[in-house]
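Order of writing sets the labels: A, B, C and D. Residues in every chain begin at 1.
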Amino acid sequence: MTVRTGRHFLQIPGPTNVPDQVLRAMSAPTCDHRGPEFAALTTRLLDVIKPVFGTSGPVVIYPSSGTGAWEAALVNTLDPGDRVLCFETGHFSTLWEEMARSLGLRTEIVPGDWRHGADPEELARRLAADTDHSVKAVCVVHNETSTGVTSRIADIRRAIDEAGHPALLLVDTISSLGSIDYRHDEWGVDVTVSCSQKGLMLPPGLGFNAVSAKALAAREQAGLPRSYWDWGPILEANRRGMYPYTPATNLLYGLVEAVEMLNAEGLPEVYARHARHAEATRAAVRGWGLEVLCADEREHSGSLTAVLLPEGHDADKVRRIVLERFDMSLGAGLGKLAGKVFRIGHLGHFNDLTLAGTLAGVQMGLHLAGVPADPAGLPAALEVLSTP
Amino acid sequence: MTVRTGRHFLQIPGPTNVPDQVLRAMSAPTCDHRGPEFAALTTRLLDVIKPVFGTSGPVVIYPSSGTGAWEAALVNTLDPGDRVLCFETGHFSTLWEEMARSLGLRTEIVPGDWRHGADPEELARRLAADTDHSVKAVCVVHNETSTGVTSRIADIRRAIDEAGHPALLLVDTISSLGSIDYRHDEWGVDVTVSCSQKGLMLPPGLGFNAVSAKALAAREQAGLPRSYWDWGPILEANRRGMYPYTPATNLLYGLVEAVEMLNAEGLPEVYARHARHAEATRAAVRGWGLEVLCADEREHSGSLTAVLLPEGHDADKVRRIVLERFDMSLGAGLGKLAGKVFRIGHLGHFNDLTLAGTLAGVQMGLHLAGVPADPAGLPAALEVLSTP
Amino acid sequence: MTVRTGRHFLQIPGPTNVPDQVLRAMSAPTCDHRGPEFAALTTRLLDVIKPVFGTSGPVVIYPSSGTGAWEAALVNTLDPGDRVLCFETGHFSTLWEEMARSLGLRTEIVPGDWRHGADPEELARRLAADTDHSVKAVCVVHNETSTGVTSRIADIRRAIDEAGHPALLLVDTISSLGSIDYRHDEWGVDVTVSCSQKGLMLPPGLGFNAVSAKALAAREQAGLPRSYWDWGPILEANRRGMYPYTPATNLLYGLVEAVEMLNAEGLPEVYARHARHAEATRAAVRGWGLEVLCADEREHSGSLTAVLLPEGHDADKVRRIVLERFDMSLGAGLGKLAGKVFRIGHLGHFNDLTLAGTLAGVQMGLHLAGVPADPAGLPAALEVLSTP
Amino acid sequence: MTVRTGRHFLQIPGPTNVPDQVLRAMSAPTCDHRGPEFAALTTRLLDVIKPVFGTSGPVVIYPSSGTGAWEAALVNTLDPGDRVLCFETGHFSTLWEEMARSLGLRTEIVPGDWRHGADPEELARRLAADTDHSVKAVCVVHNETSTGVTSRIADIRRAIDEAGHPALLLVDTISSLGSIDYRHDEWGVDVTVSCSQKGLMLPPGLGFNAVSAKALAAREQAGLPRSYWDWGPILEANRRGMYPYTPATNLLYGLVEAVEMLNAEGLPEVYARHARHAEATRAAVRGWGLEVLCADEREHSGSLTAVLLPEGHDADKVRRIVLERFDMSLGAGLGKLAGKVFRIGHLGHFNDLTLAGTLAGVQMGLHLAGVPADPAGLPAALEVLSTP
């Protein structure tokens, strides 16, 4: 077996590379989660995290994966049998829709080709047709981690507003939060779902719900059984800096550090950095003569890029070679994209030279896998990165 | 404000003091949870953790608190409206019962005085009366964290067996696992619920379900809505060392290390160590002339001791003085025991001299709080600790 | 072999227990020691460390042990064959004197009984007799780590001044700096020697020289060969935040953190804390009916206590039992005190309950080793610790 | 100020990027350096480190920089006034020669152009002329960190042997040990000098001397004053796993881990990896149309490459731009090479994609600094890296 040397290149679209200082913050001794020091930390955390979601309302933090935060969004706001409109934008939107069905909701799927985001015009049409307001919620994935396509949430909001429809807007920001411009309040999102291991630069283990007043009101009526995910006792305890059950203390230590890093850089700067790395990555893909999966210029993801291989080439072979030869993890094609695309994560704690190394590894991997790829890819990316 | 020096004494009954090597293991870089290395780690972990539960069956690990694992045990095995028999042994048994009701189950409470464990004879009576087997599950807390009373699960099992009753046996081992002798298979437990931050010596953030074949079969019929907690996809993915959603990778790194520490010490040795520290603690309590809350000699907890104060004394005052003056966290009285007891945690990564320091701090705190306490307490504990 | 659980009690008089936050600070990535960030860190460090020495002059930091800092003090200030007056206060004063001889100096030893500090009156006598000022330096160990006796440096200074003698005053503060009141400038010390692993709460690996203007002037003439230890190039490079050779970057990261901890607590508070723990320890020793080695009430050490065993008892047996049975390291008797004393370190990152645990361990160890010791020792210490 | 994101690229030729697991190993609690556990660790360390030096003899480890290990080599083997032959191969060879003079030795310099290694033929000539064997030692830097030129030590040895000259051979391996093939015993080196922060992948703070039997014999006669550096007491204490003064315990924890990593990879594999990365780097330099400083094909360094800029271009400007724009540290030109070269470190814990990122950063930096550089540089390096 080859012994690895140097740092692994973790270029999947999450979990992302956790900064040293966040890992160190997580190493502080576990504390009494009912004591005054932890209460002070929680109180501060619940305040400083709000801008990351673009909200002045409450953010509920769970010991859970992002999947758990999906479930929380549904069980806190809906009744058994409620109708939910789900946009099929890729693998993860599909999983969320399946979850909704498992929980006893009736879902209506807006089909998609996995190369475009949620279509505001189609939404307008559907809501206009829903004259009795049977649709209780619209579920959209902001940034589809399986495709690298970012849905335009502001336009989705506008479509709902123009239809005068009361449906709740539930948005998954799992791979966009802290990487791509996002505005819970301004865009009128009711529940924003997220997790720790992507733009927040933490290990996995925390799920998030940012919650609007309308969502809180919906909770009063919502009849789906719930206990662990119930916002009520959490928000109640949060007022005293507490949680109704033992929170994931050490991940929360890391979260404070990570949020402070984002705020120190400045959220607009964070978004601009991701957009620039995404642009450089697309320049490389086009330079190689390959196709970016995302088909709409307005919807390119700032956090990852899915690369479509020519017919007859196996994306998993490229990934395997890149892993074995260059110690870099790339994201696999998921669901119906399996073997057809690989995904390059360029989000989180990341910089120009790590991107250059990443793209060099992809270029060499394509070459070694026998995929025709013009060596002009990497120079095209460097051109973007070295623009003064 | 006083600046603290030296190590905080975290002597609540969990979270417990996390060993340095576990914190360091958790600091390893986050990895690709779909890659071959993590699959190998998961596969190994799911194997080495079984003896800790005393099982040869599967152990499901959630990114969650222990509360989440309670919910998982219920939603995987029961139908809405099912009848569940719950022993009221203290605060946490009450919370679990409340959760069951929130999820749509009908609960029957066996009342208790919070000084005794679940009564096998009462269980026998109730099951004998339940001739149509309407009780679908019996919920027992193995070690009540709020009282320091350990229920005799083997006797509970015997009562069910002798009644010839098919109810499932669900057991909370949150503050006993890895500290007090426990045998999932031998005792015929159907779901063992646990979490990471007590005897497993990790920070909070992981929930566990050890699952019997009977519980797995029950899941096939169980109608409570479930998705996140569903054992099915997890066990399916676990076969390949995977999880259906992103697991809490870095806590799992720590878990491997912690389980290896337990196995290196030897589980019987781990249990004996806890029993000895509990005995020394009780010797101190009695030496002080105070009362141990647990009223049955057969049910003293190995992991914590609740100390009952004389009428007219405020346990929270003692705790506050001990925290401010000696930088030690003690557990509060919970629910109806608030102010009446404090709890000394003596579980997890712990040793004789830390216990001596703990008991010295309690003794001084009692003195400073004006609680009459004979100074013979600490020497009585040292007597136990220095017995050759 | 017994597997250890819980934290080791490292109660030797150094290395001391390193705080978690210092270990974490040391874990930051190693940097370019010639880059602007490290220069800024060095510049700040060399400033904030001055109050710890009680000086406004320069502090030279070496990658070395404290022994290296002894050598540095000598080779920077003296000529081959120079006469040096050395007080024999214990094992370490003896080693320093031997070093001086190895380096080609002529030493004059003021003999001592290892139970008293350097005698100012004897110094006055000797300097008065040295009419031709052949003595070039006086070497004193401030706090003898082998005996727990603290020499009165202010009185030593006065003796030199009153004799009108030009000898340099070189003082070893290896086990006193950051624990016992010390004033380089006010006491007119010319070179203060110290190291990282005691009151500074770091791992070993750094040596220190605080240097007076008179010492700097002496360096200009001093003829002992030197290169590594030469203050000149270091002070020169320090002006730009640099070092003439690669400094121990990660230990310096930790040093910044440790010094900030001392300053946050306040140096007077740090000294008072150590004095109080020393007093509690002596109360225990006397309570046991044993003798503190230090024979002069004015000279008790704040950082360690050496305990003399009754004739016929082996201090190393006590230490071995305490290590094996209670996982605590105590200091051995050194040199002519071997087997006759053990030493309890109570310095650095330390608090009341850790001291209580420490003294409980010693008391049990004495008992198990068959040393007659009254159990009144520990309660006497708790009396001191719980005084309101 | 720009906030940095992602990992800094520390591509100076040392300190190098310290692996996470080494930093974690260094974070273990500081221990009793006189206790049995540390003795066991030392004993094992002093054994496993021997192959790294290619020796079966003793290796002395100091708490010091590499500079300290230079001093140790001289003061342990030589008399005041002894004649020492020093090859001027670059900045560091010059500093070593200056140190020798500071310590009272007479040095004879073999001048060099800083583009070639030590010349075995010139050595042969000089030793032949030294018929009375007045030269007591020959000092050679194996890999000149300031130039990227590796002297051929085996040929140097041959020249000494063929001259039948008894001079000691002292070799500095500061930037070659653990990176470039080195054989203390086979090449008949008498003292090998090294340090921790380069190929050994540790932070700075440890110096090394590997010592031949002949060197040990020389020590018996050597008259330079010494105490801290004296091999005698260290080797004596090492026999019991001890040190005569407090060793840098936590760096030694890291050293054990680092040496195990080297041994796991295999030393021949480690050397081949470095050689391949050096080859790829030179391919880039030539591709850019620039000149590698090293002028002899037989002497290219495996651990760093110095790049000569065309007349009229400022290497420090390139470095500054690369640091500010791409967060990468490159080595400066030292001494007479200041501003004329920059140095790329490619040693230690390092891999293909980090090298690719490094070279991409240099290429972009050259471009931004206005240095004419053909973009064919990076592709030429990738060609080397992707050769199957």
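Note that a residue touches a chain if its C-beta (ideal position, glycine included) is under 8 Å from a C-beta of that chain, and two chains touch if they have at least 3 such contacts.
Labels paired with UniProt names: A, B, C, D = Tritium exchange subunit.
Computed from a predicted structure; not experimentally measured.
Visitor: What chains do chain B and chain C have as common neighbours?
Guide: A, D
Visitor: Could you see whether C-D or B-D has the larger number of C-beta contact pairs?
Guide: C-D
Visitor: If you average the Cα atoms of chain B and of chain D to get two centres, how far apart are those centres in Å?
Guide: 54
Visitor: I'd like to verify one number: the distance from the centre of chain C to the centre of chain D, where each centre is the average of its C-alpha atoms, in whole angstrom.
Guide: 34
Visitor: Provide the list of chain A residues touching at least two other chains, using ranges where the numbers run on.
Guide: 7, 17, 24, 27, 29
Visitor: Which residues of chain B touch chain A once you look at their complex with the stated criterion?
Guide: 7-8, 10, 12, 14-18, 23-24, 26-27, 29-35, 62-68, 71, 80, 99, 102-104, 195, 197, 203-205, 207, 224-228, 230, 244-251, 323, 329, 332
Visitor: If we count contacts the way the header does, which residues on chain D are in touch with chain A in the complex?
Guide: For chain D paired with chain A, touching residues are 3-7, 9, 17, 27, 261, 264-266, 269, 273, 325-328, 349-358, 360-361, 363-364, 367-368, 375, 378-379, 382, 385-386, 388.
Visitor: Along chain C, where are the residues that touch chain A in the complex?
Guide: Listed in rising order, the residues of chain C that touch chain A are 20-21, 24, 27-29.
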